[in-house]
Structure formats: structure tokens, C-alpha cells
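Shared chain: chain A. Partners: chain B in the first complex, chain C in the second.
Our next item is the complex of A and B:
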């Protein structure tokens, strides 16, 4: 059974039809990349999966449960963690507190210093445990947001442009971190991304969204050769300069 | 910061021993200081920890005061029970209206609570049970301790509101509120039931504010819509909070005490300019002390 199944998801904002019948499923332990041009509905899709917004139509099934109408906090408790395109940390709280809140309210675990240190260690931030989130660099904030999602003990991690704005070294570090999370914790990852190089290293499968529809689903190597994808997203000259 | 909180607690406890040394005048001055401090603490739960500014929080002061008065006069329930019921009614009403009301944020939320305050003032001026524009006369209290009882009542509500703030500052419950203040969407995706927690926060604010209103009603023995839904009280409460430090445990105490004592000592000399001085203080606080005397991280 697939960990996550979504069927025929529709969503409009006013007259703007952002998603027009999106369906796919994600297997346990898989890393699925979602790409597409700006405005193709990627972030909307992540928001619908995490419960931040409700779809107009369609079904979201996670671990065999229909969670379409569930609010975000219940999905978090059930094991869906996420990060945001522009980080949304508890900026006036410390790294410790940022992790403690989901650990207590999401995972329902005892919030011992050791456990929180352990989670921060996973993302390489244990030395910043008492720093305020607002004092961290962008790369560190992205790591802290990842730590906050991990504190939920998620089975599914939704990453919305986690590499945006990072330098190549930081991108590589997070690529190996995500790989490690899958290897060691068996976490399933859905990752929306523009940094294709990072995706090529991580994703088992890539989904291409264009104008609110899935136009491609398959291996990364096949995607870059797909005529429709080239037309809608990559452009005819893709690969010439890369 | 923690040391300062214990100092405030010590001061509150010491104030219990003070009445034998106080003149009637000082007893009244301090009672009104305690009143403003409690209101400021109530608002701190909501604005300081949860990030929602209820500019019309005095709606619940009036609701608590009127409920207490109506229960005493029209139903004949003793003051003590009426007071507690007044606070509870106030808290429950807040809890019920919070889920739709708190879909609004920042100034939209602030203005809507103000609308609630004005609506309740109009309502109390136009229905019979509240005595309409004439208001309600309450009997003068002549029992145990005489009027000093109000000093102790206000002080006890202050102690309660202080302890509530201390609890929120240090507990997991408080972290749910702080998460909402910092980023409501992120709080929700961290597993915090934001609708529940912000409603409870609103309810706590209204409960304390309602209790203060109930004590006030019996203290001044005559209530009317103007005195129970006083806009200036809302303004003073916010100035005290901004002045002392939003989202800190000691801030409301420091802010409200200094504001109310200054108001009592200096402004009584300039009755005509009361509003001008208050306005000037607001401007100065915002310009010079944007985080208040005690600046929190929030």
C-alpha cells in the first residue's frame, strides 16, 4: 500500500485554477521530486498535503486514512512534517524551543535536553542550541526548520524549495542530510525544487507539474529528454550551458 | 529576568500586609493601581504571549461588571458568588466567540474587539435588565473589613493574573501560545491546535478582565455604560503594557504601577490636560522604548 495517495485534487484561487485534477501516489521510503514552472501549483500542492489549505475537490489519503478534511495540526501528529519556501521559524525563540514545541505537541514525546540535542545534532546545529532563531544564517535556519519537522517523528517529509538561496556547499550538505534521513530513519520525502542538480542526486522519481496538471512522472534521466517537459519547463536550450 | 519576577511576587505578597498603615486615600489609589495592573496582565496573556491585541478587551470588564451587578441586584445572589459567575460568564462568552473572531489578525482583530466593546455598551444602555442609560445602583458594602475588602480583592485578582502570566512564561501551555504569536501557520504544522489554544488564551484574558470588572462594579457602587465600557481604560491598559514590556512577566507590573502612580501624583494637578499628557506618554514610549522597559524577545 502506498504511504500517500492523492486523487483528482482541484484548487482555485478566485478565477485562477491552480490545480486541475492532480493524482499521484508516494511509496514508503521513496524520495519524490516535484518540479514545474513558477505558478504551476507546486507550493499549493504542498500546502494541501500538509493541511495549510483545503482543496476544492479530490482526496488525500495518508497511511490508509482519508485526511482530506483534517487540519494541519492533526496531520502533523499523524506524521506529516514540512518546511516552507521562506522559512517560518519561531524567530524569537531559541533553537531548543523551536524543536521542543513540535516534540511535545506533535510527537507527544518527553522533551528532554538530550533528545532535543540529538535532533539538532542530526541537522548539524547542536552547537546553536541556545541561539535565537532570528540570529541564525539562512542555511542554519533551513536546517533548524528541518529539525523542527523531524521533531514530529514524521513518516513523510514535505520540503518546499529547501535549497533556494543556499550556496553550492550548503546545497550538497543538505542533499546528503536528506539522503541520510531516508537511509537511517526510513523517512519518505516529497521535495519541491528548482535546483535540478540536487534533485538529480536525490529523487527516485520526478513529477512535473505544468498549469495545474501532472505532465510527466518517471526517472530524472527520462524527464530531461521528455518533449513535453522541455516545452513546458526546461526550455529547448536546457543542458547546453549546464 | 527570573529574579525580577520573584521580586514582583514578593512585592505583591508584601502589599497584603500594608493596609493597616494606609490612609483611605492611599488605599483607593493602590486599589486602582492593582486594577490597572490586573487588566494589563490579562492583556499580556493575549497580546504578549499569543500575539493578538484585543483593543476592546474592556468589553469583558463591562460584561463581568454588569453580570455581577445584575446577579446581585436582580437575582439576589451574594456578591462573592456573583463575582465568580461574572468572571466565568465573561470567560465563556470569549471562549465561544473566539473561533470565528480570531480568524482575524492584528489591527483587524483589534478593531473587531473594539466593535464588540461598543456593541455591548450600546446593548447595556438599551435593555431593561441593565438599567439602561441610568445604570445600576449597588448597595454600599458594610461587612467584614469595610471598604478595605476591595483593596484585598483587587490585590488577589492581581496575584491571580500575575501567577497566570508566570505559569504561561514557564509552561508547555505557554509555549503553544508563544508558537502562535511567532507564526501561527508554523505552530499548526508543529502539532499545536491553534484554534483551541488561542481561544483559551482569549478566554483567560476575558475571565481575569471580567473579575476585575466585577470587583470594580461593587467598589464604585454605581455602574452605567459609560463607566463600565470606558475607552480610556483600554488605552491606559495598552500604554501600561507597552511601557512595561509586552510578553514579559514583570513588565505589566512595572508599566501599570508607574503609569497609574504618575497619573495619580502628577496628573491630578493637571486635570484639564490629562488626555494630553497620556497622549504625550504614548508617543514618547513608542519613540524611545519600542520594546518597553523590559524588552522581551517577542
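Our next item is the complex of A and C:
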């Protein structure tokens, strides 16, 4: 059974149809990349999966449960963690507190200093445990956001442009961190991404969204040669000559 | 006799009360984003509750503080559930109008029941005072001061040390971020509205001992808590303290040297200055959780 199944998701903002019938599924332990031109509905899709916004139609099934109508905090408790393109940490709480809150509210765990240290250790932030989130560098904030999501004991991680704004070294570090999370904790990952190079190393499968529809699903190597995909990114003319 | 020490002590004593009184308003504003124009009338409602308990149950207004805390919490939760939760789904302006309507409703209801006469809670120790050096200190004012700071301290500990307190700060900092770590904001809204209203009711008890009140005094009190929140900054308990003491100093000093009629004017001028030079207030940070 797939860990996550979404079927025929529709969403409009005003008259603007952002998603027009998106369906796919994610297997347990898989890393799925979602790419697409600007405005193709990637972030809207992540928002629907994490429960921040509700779809106009369609179904979201996680671990065999229909969670379409569930609100975000209940999904978090069930094991869906997410990060943002622009980090949304509790900026004026420390790294320690940022992890402590989801550990208590999300995972319902008894919070121990050791457990919090362990999570921060996993993302390589144990030296920043008492720093305020606002004092961290961008790369560190992205790590802390991962830590905050990990504190939920998630089975599914939704990463929204986690590599945006990072330098190549930091990108490599996060790439290996995500790989490690899958290997060691068995976490399933859905990444929405613009940095294709990072995706080529990580994703088992790539999904391409264009104008609110899935136009490609398959291996990264096949995606870069796919006519439909090239057309969506570069326009009609390039699709024909490819 | 040197008059300045007396003025300073008066300001300090009043400032303690002002600070506590404003905490509920600033908490509700900071966490729920509601500028509650009925807040002053909540305080007056608390004062009448204290009066009833004093008259008919013989309960000293200090001893009835737990009762008004409890009643305030219930009232706050109820109003949030029945009125503000609905209004918050509409445009922000609706919340403002609703709270104004609530203010009119409460003050007129009080007027129907109690008439417009000036009432006060006259406790037996009301007239006592003692002298330190050149300064006369009224026992009642000192008592209110101490209680205000004590209650403010309790709230501070609650917000910083308990899980619910942490969740409140998290929601204040980032509503969506809080939901994604498993916090139900709807629940936090109810609790915060309850706590904020509990603060207003219990400061009504203290207000009733300090001075006389009528059903229509709420409006001016709302202006005061608004001023305090702007002066000190929306945010932390410390900000409410800064704003509360500042407003008390402005009021006491300007009404002594310029006359009673000037104090609100001076306070408003200072508020405008603060808004221009320190838009987030003296100790202002954006929300409750920020340090």
C-alpha cells in the first residue's frame, strides 16, 4: 500500500485554476521530486498536503486514512512534517525550544534534553542549541526547520524548495542529510525544487507539474529528454525540435 | 515640603496597576490580532462583579479576585466562541465593529441594572495611610500595586514555563508554523481570550477599590490600555509594564503641573512621538514570544 495517495486534486484561487486534477502516489521510503515552471502549482500542492489550505475537490489519503478534511495540526500529529521555502521558525525562541514544542505537541513525547540534543545532532546543529533562531545563518535555519519537522517523528517529510538560496557546499550538505534521513530513519520525502542538480542526486522519481497538471512522472534522466517537459519549460518551438 | 517624591511614588503605585490592567488587552491583541474595544467595559464589568460580591456576599474585593478570574475566563471563552471566532473569519474590520458593539451592549446593560450613579467598593481599610519621610502612602494603593505585580509575575511564569504558555507564544509568533508542529490554534485562541478577559475582570476588582466607577467608564479605560500597549510595545509582559509605568508618570506629573484636563492630551502627544520614533514601542517587539 502506498504511504500517500492523492487523487484528482482541484484548487482555484478566484477564477485562477491552480491545480486541475492532480493524482499521484508516494511509496514508503521513496524520495519524490516535484518540479515545474513558476506558477505551476507546486507550493499550492504542498500546502494542500500539509493541510494549510483545503482543496476544492479530490482526496488525500495518508497511511490508508482519508485526511482530506483534516487540519494541519492533526496531520502533524499523524506524522506529516514540512519545511518552507522561506523558513518559518519561531524566530525568537532558541533552537532548543523550536524542537521542544513539536516534540511535545506533535509527537506527544516526553521531552528530554537528551532527545532534543539528539535531534539537533542529526541535522548538525548541536553547537547552536541555545542560539535564537533569528541569529542563525540561512543554511542553519533550514537545518533547524528540518529538525523541527523531525521532532514530529514524521513518516512523510514535505520539503518546499529547501535548497533555495543556499551555496553549492550547503546544498551538498543538505542533500546528504536528506539521504541520511531516508537511510537511517526510513522517512519518505516529497521535495518541491528548483535546483535540479540536487534533485538528480536525490530523487527516485520526478513528477513535473505544468499549468496545474502532472505532465510527466518517471526517472530524472528521462525527464530532461521528455518533449512535453521541454515544451512546458521553454515553449512550443523547443519542444518540437527536441 | 518637597512635592516631587510624592508624585513619583503616586506614579509608581498607579503604574503597577495600569501595567496589570493592560496585559490582557495586549495579550489578546498580540496573539489573536483582535483590538478589543470592549476591553475597558470588561474591566468595569469586573468592578461591578466585585461590588456585588462585596455587598451581598460580604466578600472583600481582594478575596474575590479568584472568583473574578474564573468568571472572566468563562466570559472570555464564551464571547470568543460565540462572537469573535465568527467575526475573525470575515474581514478584520468586522472584529473591530463587533467589539465596539459589545462595548455599547455591556455599558448599557450595566446602566439598566445599576443606573448611572457613581459606585465604589468601600473597604474598611480604604482610608488608611502611612507616612514615610515626606511621602504619604495610601494603604489601598500599595495593596493594589503589590497585587498587580504579583498577578503579572504569575502570568509571566505561566507564559514562559508552561506548555500552554509556550504554545501561546508560538501561535503569536507564527500561527501557521504553530499548526505545523501540532498545535491547534483554535484552542489557543480560546485559552488566550479567556486569560485576557480574566485579567480584565480581576483588574476591575482593583479598580473598584481605587476609585468610583459608572457603567460608562469603560471607554476611557480602553483608551488607556490602548495607550499603554502602544507606548510599551505590543508584545511581552515587560512591554506592558514599561507602558503602564510611563502612562502613570505622564498622567500624574502633567495633571499636577498643568492641570487634570491635560493628562490625556499629554499622553496622546507622547504616544504620537513614540509611534514616530519607535513604532514598536519602548520595549516593543512584534509579538509575545519575541525576546
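The definition used in the following text is that the second predicted complex is superposed on the first by the 233 of 242 C-alpha atoms of A that agree within 3 Å, B and C clash if a C-alpha of one lies under 4 Å from a C-alpha of the other, contacts with A are read in each partner's own complex, and residues count from 1 in each chain.
The rule is simple: a contact is a pair of C-beta atoms (placed from the backbone, for glycine too) under 8 Å apart; a residue touches a chain by one contact, two chains touch by 3 or more.
For clarity, every value in this text was computed on a predicted model and none was experimentally measured.
Aligning the two structures on chain A places chain B and chain C in a clash. In the superposed pair of complexes, A:101 makes contact with chain B and with chain C alike. When the two structures are aligned on the shared chain, A:152 is found in touch with chain B and with chain C.
With both structures placed on the common chain, the touch criterion links A:38 to neither chain B nor chain C. In the superposed pair of complexes, A:72 makes contact with chain B and with chain C alike.
Once the two complexes are laid over each other on the shared chain, residue contacts for A:92 go to chain B and to chain C alike. Of the two partner chains placed by superposition, A:16 touches none, neither chain B nor chain C.
Residues 50-52, 71-73, 76-77, 81-82, 88-93, 97, 100-102, 104-107, 132, 148, 151-152 of chain A lie at the contact with chain B in one complex and at the contact with chain C in the other. Considering their complex, residues 172, 175-176, 178-179, 182-183, 185-195, 296-298 of chain B touch chain A. Chain A makes touch with chain C in their complex at residues 50-52, 71-74, 76-77, 81-82, 88-93, 97, 100-102, 104-108, 132, 148-149, 151-152.
Those residues of chain A whose C-beta lies close enough to touch chain B in the complex are 50-52, 71-73, 75-77, 81-82, 84, 88-93, 97, 100-102, 104-107, 111, 132, 148, 151-152. The touching residues of chain C, when paired with chain A in their complex, are 163, 166-167, 169-170, 173-174, 176-185, 285, 289-291.
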